[in-house]
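Going in written order, the chains are labelled A, B, C and D, and every chain counts its residues from 1.
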Amino acid sequence: MTLLKRDPKAPLSWQGELPVTNRYTYGLAGEKFFRTLMDEGRILGTHCPKCDHTYVPAAVFCERCLGKLDDWVDVGTTGEVVTYTFLHVNLDGSPLEKPEIIAFVRFGDGGLIHHLGEIEPDQVEIGLMVEAVFKPKSERIGSILDIKHFKPV
Amino acid sequence: MTAKIKEFPGISLSEQDFAEGKILYNFDKLNGIYAWDTGVGIGSYLASLKAGVILGSHCSTCRKIVVPPRTICEWCYRPMDEFVPLKDTGTINTFSLCYVTWDVQRIKEPEIPAVINIDGASPMHGIMHMLGEIDPKDVKIGMRVKAVWKPVEDRQGSINDIFYFKPIKEK
Amino acid sequence: MHERVAIVGVGCTGFRPITPEQSYKEMIYEAAMRAYNDAGVDPRRDVDSFVTVAEDFHEGTSIFDEYTPDQIGGALKSVHTITGDGLHGIATAYMLIRTGQFDIVAVEGHSKASNIKTLPEITAYAQDPILNRPLKLNSHFIAGLEMNRYLFETDSTQEQCAAVVVKNKFNAIKNPFAPYGANLSIEDVLTGPMLSWPLGERETAEHADGAIVMVLASEEKTLSLTDKPIWILGSGWSNDSPGLENRDWAHAVYTEEAARMAYRQAGINNPLEAIDIAEVDDTYAYKELQALEALGICREGEAGILTLEGFTNSDSGLPVNVSGGSLGMGNLLEANGLARALEIVLQLRGEAGTRQIENVNIGLAQSWRGVPTTSGAVLILTN
Amino acid sequence: MGMRKVAVVGAGMTKFVRRALETPKELTWEAAHMALGSCEMTMDDIEAVCFGTAPDAFDGVHLNGEYVSDGAGAWRKPYMRSYVGGGTGVFVPIQGWYHVASGLFDVVMVVAEEKMSSFYPHAQAAFLTIFDHTTERPLKPNLLWIFALEMNRYMTTYGISKADIAQVAVQHKRNAADHPCALLGDADITIQDVLNSEVLAWPVQRLDVSPVSDGAVAVILAAEHIAKRITDKPVWIEGVGWHLDTSYWTNRDLAYPRYVEYAARMAYDMAGIKEPRKEINIAEPYDPFDYKALHHLEGLQLADRGKAPELYSDGTAARTGNMPVCPSGGLLGVGNPIAAAGLMKIAELFWQLRGEAGARQVPGQPRRGLAQAWGDLMQVGTVVIMGR
């Protein structure tokens, strides 16, 4: 049993793309969370009384019990660095000129992923308290980027 | 239960809600680029197209000649026996007159995609391509057609090395 | 209902950084043909159902399941796709056979990672489009965050993670299916370029192409097909919170849950005692340590120490990733779990060549679906 | 040992809408939350979760099953997503069935979701990439082509007219007027309306087509001993079937869906059905385009080849007929959020067989129903038979 032979002139590969373009709504929870972030510079969570868990960013459902959440809480703008990393590569895999400091900052029982700024790399540590630095109100558009970065308290 | 339920969830938006900024949203675009290995079957198919030939392959067990060519017969799961050059003529198996492009632009003159059973392949074995040089209202299932090839120097080893299929004038 | 299910045939091909001579269909056919020959079955006549694992954006095709049947002998038969790891595929075949409606089921997984020219950007498209993607971060940052917190909570070290790389790449030298074998020192690993500190580039598995097919059968069929069946003792899988905002950054909870499910089925109370050989996810080196702890093979913080001590070497207490793992064999996308399970099958059959471990009766394979997911699976096999 | 019996014990769904405010996770959760409530269960009762959604391009997230998992209740539970293109909606309950029938689980939640509006500007453009990347995509095909090509072949082979086919759109959209979740219900639509609608890809016209939609549906499956404890009206999954034809779709005769026939025979065998036309009381064949319902009724052996239009013209398919077809309103009327649309048919049979379908209720206490979906490159058939 032999397989067919490839035409020696055959092109090795065929190039193409997967054209995917999307528009995402922020949804039931995102509407309120991001409008409050944009308009008031506040970070909101929602609390599940059954599971005693506070979701940040706010969600309309509890992922543990699938209960509906409507107990909205203000969790402040200062949180603790749970973990951080110095990212050395770009989105396309090419090296970054200067590593970016990315952290997970705890609020309630959740938190936010963001850049750390106004800090030297050797000052970053787990447990550090940091606060959100907002863009000027006029530049905010209702986005996670309305927060410029987090800086040490 | 639907009889009992008064209210179902789900909030409907209009395009206006987006345009007027009533809701929050963002955009993104995937940068998804691929170079798919053509392999033995499709690689040879593309090379043949460049040479002006539609290539099939033959399974002696199932007594079938298929197109596009593959190296394995999906029916008996044995390797195909040989590549077979087919004719560049065929019969319209089915067609459409399409007034909408792939990205939903309306067009006045329809595109005419068709499945064309290729002469030399087994019955009901064809490829998808376009029809041209024909008035849309004259297209019929069963009509005989022939490939219109790009000039040799423009061919790239692609299904687009055939511009389209046009009717064969009855003698 | 069939209670017992076995793997009765395996086949594979590829395991190279590129496979330009074959299309994905031709590559899969080669693996499938070998699996069917190994099992002594004709897929057109004998195989009742087929399960494939694939993800659209890894293939560059929407609704990729369209293109799955022909090369596995499944045309006009009962075929479906699971968008999961290969171990999810095995779990699916296991369930199908246990219903009593299917006697023989085939599972296929593959990678043509070399055909994807923009893989980091595709991986980034798995991030939350509203909360995370606007930051435009390479997804390796998620592994960096996870590794840092793991090291912090367990008092593990970068050196211990590097020891995983040294061990697995060394193991890979003996594995003909492993393109990334090397004899490195811990120093070599630690002095490599940084990816997302504390994660280094040399602690990250490079991608490879390959295809793996396995044939599973009910007990009755198994006994008529083969005298070297590899029985499934337990199959578990689980997810944790998918968002980056609510997950446990230090622990692979999904692996803990998946292991609990598999151990319960297998009747295993003390995994270290019961298991003779393990193949676990090491697409990032720290994941191997995290997995060993989540699997209950050692206590939290011990995996790194045991690795440095050589306890997980091929000639020691519990051989882990004798195949070379993903660090040695390459990251095979959805086929990673099948590569882990393949090594366990070969070892339990005594067909692992120069890397054969003596006296192995129970083996464990574990997988993780990669960043940003919290999805993992565990499979326990015996001969 | 015999096969474990599996029942549907609860169901929930969102409205099907053109553009939903909710994120895919939120839509999924809304359906799941409602399904739990419908049978007074909590997540503590759910042992595993099965999820269905069609291409990732729609929700717009790579590894979409993982992304949506929290909305489906997958937190720290065994969770998998199954995938057979458009057939997914009727496959995901089959996936739930084998989870329970395997004996590994007693109670499983099954959810299907699609948010097509996230593909922007036009959901249809996502279908370019379902064609073969090397041999077909360079022709810039769109989804309408394959439907138009198949519809033309079907009409020409059997001599079926556009008016014969338009009856389907009319009846389904009229039925949908009674569905509280429907996007395109229309009690007054006529055959002329369909025949006069814009020609998109002849023979396909605007009103031959189901609408692009967002939505989610969930059902809960339980093993026999649990089902009998939860409800005195369990609806049993009596048979399941699925078949996938070759991807070389231009090497097949498109006039007849063999894969649907094979899937149906698999399901009939399991259900012990010998004479489907007598034993199936309600049919919910897949109807993303009106001719597809006819095509599928033939594949399902519920009509002779080329004769399915007669079921509509002689009243058999009407809600009050001998074998009502798509009393829900189908995809043509309720909407077509791909995977969710298929699971909607399962929810409809659940409600119909329990006598809880309200204004849509089929009279005569139907005993058995069939749901079917179709997908890929005119290639996959998925069938579920449910009975009281």
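Convention: a residue touches a chain if its C-beta (ideal position, glycine included) is under 8 Å from a C-beta of that chain, and two chains touch if they have at least 3 such contacts.
Everything numeric here is computed off the predicted structure, so don't read it as measured data.
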Contacts common to chain A and chain D (chain labels): B, C
Selected pair, greater C-beta contact count between A-C and B-C: A-C
Chain B-chain C separation of Cα centroids, rounded to whole Å: 36
Distance between chain centroids, defined by C-alpha means - chain B, chain D (Å): 26
Chain centre separation in whole Å, for chain D relative to chain C (CA means): 33
Touching two or more other chains - residues of chain B: 11, 13, 23, 26-28, 30-43, 46, 70-71, 74, 158
Residue list for chain A, restricted to those that touch at least two other chains: 3, 6, 12-14, 16-28, 30-31, 34, 63, 92, 143
Per-residue overlap in chain D, given as positions that touch at least 2 other chains: 19-23, 57, 60, 62, 70, 75, 120-121, 125-129, 133-134, 138, 246, 248
Topology of the chain contact graph, where touching chains are joined (line, ring, star, complete, other): complete
Residues on chain A engaged by chain B in the complex (per definition of touch): 1-7, 9-26, 28, 30-31, 34-35, 92, 142-143
Contacting residues of chain A [partner chain D, same complex]: 14, 16, 18-31, 60-61, 63-68
List of chain D residues in touch with chain A within their complex: 19-23, 25-26, 29, 32-33, 36, 42-44, 57, 60, 70-71, 73, 75, 117-121, 125-126, 128-129, 133-134, 137-138
List of chain C residues in touch with chain A within their complex: 20-21, 26, 56-57, 60-62, 115, 118-121, 124-125, 129-132, 134-138, 140-141, 144-149, 152, 193-199, 241, 244-246, 249
Interfacial residue positions of chain B with respect to chain C in the complex: 26, 28, 30-43, 70-72, 74-77
